[in-house]
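Here come two complexes built around subunit A, the first alongside subunit B, the second alongside subunit C.
Showing the complex of A and B:
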């Protein structure tokens, strides 16, 4: 039975959604300062307008929705899902004002793609955009990777007891530390240390490649943000093909794989438990599936004779597959080359990699390694039961920070989310086919959007049907938040109309 | 050897066949007076095997920067809708950027080039070189190994003037944001005073 929300429920949801939008406004100060530094005055005005909108909405909502009530479980989930929508609608303003977007829907597509660390984009003439706007593109994907709620938790939620539900609602459920605000800060600490190392390494590589110091630093920072957040945005339309550098690719691979690891794993290593990298079910699962898929794609491309040299073949395959599996979306081939050079098997291997994705509670999307690991263990356990004596007690364990005994509840939970992802992938594929795209292209692009990867085979473009753009926005949002909070938001909306008083 | 005298109908047939053959796609791409093909980047990406190893001519705006590697350099040439005028200058939206990476001897670039970015429309240059669908020398990248470069249209600085309408909106919205902030603070203070 659905209960109609009371006034207090609306107030608490409005109050915390307002706080998150204020956080987005503060985030826009960084691109504003960037534009001021480079004298991009038209872009400066764009950001003043956008920041003012965020502040007007955020403080206005807070002023109207004053309450001392703390967040309940469902409030937190509704805040998480609705704040992503509001943040997308308002965060799209700088994109739209820049004149590089075909419509406001296109601008929202790019911003949702950024927050959800997907990396698909509809921005036109990317190679001529302002530094400030490029900073905003990469910053919002970096912020989205941490979780925009995590940002708000860090700076704006002063110890709200119910804050944990908002954090969970954003698709993260690991408590690195007993307090959720401390956990959010720990996530920032890990990311900022990686930022210092990763961005510096990429900037040095850029300098060595012949970039001038300012561009080397900016590209280093932006490519780091795209890699760590597993977002896949890059400052030039050529993506990482632009650099033509093995060193640049290797640094990007290290950062994107690190970014795709569970923050709990990072924290375990941070606190001295280095063995966790080898033992964790997610890293083991990732290593196995990546190896298998690289082998399949390498075999197919070797047979097709696309690349004449074995090392060249391995370099291309490993980079695109690692990018797909970590759901980053960086590429060193043209989008259409997936179709014109890689062919069906290469595309299939990449699609499977994107569909699986990387670790839970990371910046990555997709089904996630822990669920694949749990389902694989359950499958093996059932086979062992079949071949063992009737009364034998067969137990299965997996390691994630600690040893965990496999239970039916865990398997059921992993299967539920996995089925939800598979259904979402199928729905996006069906939509693509109904809009007239080839089946292989529709699967590839639909999975890429729903798993928040961002690799494209050419379906995503400013001229694609508006309906498909809207569906991909929905898929990116649903895939990133892992369904639960979006379903609760749906329930909240239904209860407004049909709930009992 | 005697040359057969053509009949009028056979001349007409030959002409018709000639016109049809010119229209039928074989290498259905433009070629210049020297016979070198001048495909677009889209055509190269869509049919890489067809052009692999061919000497082609490619024209586009140089964007980003030149990345030098010893005596050679990487350039990126965009042949998209913004080749001659970009969005910041008021060009209509015409889809994504598209172009090709070009590997060229440093000496062929002759002095300063203007590179396309937010503040510049880059030089439009024409290069001639060999197209590689998957260059074994450069990690399998799709590229053109060029031997010559000619500036077709010099680049220029781009002004991006501030729109007065936007300034008005910025002032109005800033005021609204300030009012919302003050309303929020005021209400919080009143509640604190009243002990709510």
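Showing the complex of A and C:
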């Protein structure tokens, strides 16, 4: 029986959604200052308008939704899903005002792609946008990777007991430390240390390429943000192919794979448990699937004679597959090269990598290594049962921070989310085919959007059908939040109409 | 452990940094091993074809 939400429920959801929108407004101060520093006055006006809107909405909502009640589980999940929608609608304002977007839907597409760390984009004339707008694009993908809610937890919630529910609703369900706000701060610590090292390394590589110091620093920072958040946005339309640099590629690979690690894994390794990296089910699963897919794609491309020597083959295959598997979306080949050069086997290997994705409780999307690991262990357990005496008790364990015994509940949970992802991938493929794209293109792009990867074989463009843009926005949102909080939001909407008092 | 307004002071104590950096290096080594395997595969494929 559905219960119709009471006024108090609306108030508490409104209050916390407002807080998160205020957080988005504060975030826009960074690109505003960037634009001021570079004298981009039109962009300054765009951001002043957008910040005003965020503050008006955020504080207006808080004024209307006055309540002392804390968040319950369902509230937290509804806040997580609804705040991403509101943040997308309002966060699209600077994009739209810039004149680089074909429509407000295109602007919302790019912003949802940023928040969800997908990396597909519809922005036009990307190579000539303002520094402030480029900063905003990369900052929102960085913020999305950290988790908009993690940011709000760190700076706005101040230890509210119910904050954990919003954190879980955003697809991050591990506490690194006993307190959820401390957990959010530990996540920041890891990200900021990697930021200092990764952005500096990329900036030095940029200087070595002959970029002027300001450009090298900005590109280093932005490419770091795109890599760490596994977002895949880059400041140039040729993505990281623009740099034609082995050093740049290697640094980007290191940052994007590190960015795809579970924050709990980072914290365990950083606090002295070094063996965790080779024992953890997610890193083991990632290493096995990445190596197998690299093997398949490398031999297929070598047999087809696509690349001239082993070094080029390594650079192209490892980069695209690491990018796909971490759901980053950086590329060093042209979009159509997936179709014209990589062919069916190369595209299939990349699609599988994107579909699996990387670690849970990280910046990455996709099914996630822990679920693949749990399902693989369940298969092993079943095989061992079949080959053992009838009454033998077979237990299987996997390691994630601690040893965990495989239970039916864990396997069911992993299978449920995996099936949900597969259905979402199938739905997006069907949509692509119905809109007239080739099957292989529709699978590749649909999986890329739903797994929040951002690699493109050329389907995503400003001229693509509006309906497909809207469906990809939906897929990016659903894939990033891992279904549950979106389903709860749907249930909340239904209970408004059909619930009993 | 008391929380500050930005990063928790307990998390940024000076004596913890060598441990943090050791963890970071461990992560880089794991990624380098994956890269080395991929390079080996590319060399092997080059020899075979």
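By definition in this document, the second predicted complex is superposed on the first by the 501 of 501 C-alpha atoms of A that agree within 3 Å, B and C clash if a C-alpha of one lies under 4 Å from a C-alpha of the other, contacts with A are read in each partner's own complex, and residues count from 1 in each chain.
Everything below uses one rule, namely that a contact is a pair of C-beta atoms (placed from the backbone, for glycine too) under 8 Å apart; a residue touches a chain by one contact, two chains touch by 3 or more.
Since the model is a prediction, treat every value here as computed from it, not as a measurement.
After overlaying the two complexes on the shared chain, residue contacts for A:487 are found with neither subunit B nor subunit C. In the superposition on chain A, A:197 makes contact with subunit C only, while subunit B stays out of contact range.
In the overlay built on the shared chain, the residue A:302 is in contact with subunit C alone; subunit B does not reach it. Between subunit B and subunit C, B contacts the larger number of subunit A residues.
When the two complexes are overlaid on their common chain A, residue A:313 makes contact with subunit B and with subunit C alike. After overlaying the two complexes on the shared chain, residue contacts for A:274 are found with subunit C alone; subunit B is out of touch. In the superposed model, A:283 lies in contact with subunit C only, and not with subunit B. By the document's definition of touching, neither partner reaches A:435: not subunit B, not subunit C. When the two complexes are superposed on chain A, the residues of subunit A that touch both subunit B and subunit C are 309, 313. Considering their complex, residues 38, 40-43, 45-46, 48-49, 51-53, 55-60, 62-63, 66, 68, 97, 99-100, 102, 124-131, 209-212, 215, 236-238, 241-244, 246, 249, 306-309, 312-313, 315-316, 332-334, 336-337, 340-341, 461-463 of subunit A touch subunit B. Of all residues in subunit B, those touching subunit A in their complex are 45-48, 63-69, 73-74, 76, 78, 80-82, 86-88, 91, 93-99, 101, 116-118, 121, 133-134, 136, 138-143, 158, 160-163, 166-167, 169-170, 173-174, 176-177, 180-181, 183-184, 187-188, 191, 196.
Of all the residues in subunit C, the ones that touch subunit A in their complex are 1, 3, 5-8, 11-12, 19-20, 22-24, 26-28, 30-32, 34-35, 37-39, 41-43, 45-46, 48-49. If you check the complex, the residues on subunit A that touch subunit C are 154-155, 159, 179, 181-182, 185-186, 188-189, 192-194, 197, 250, 253-254, 257-258, 261, 266, 269-272, 274, 277-278, 283, 287, 290-291, 294-295, 298-299, 301-303, 305, 309-311, 313-314, 317-318, 322.
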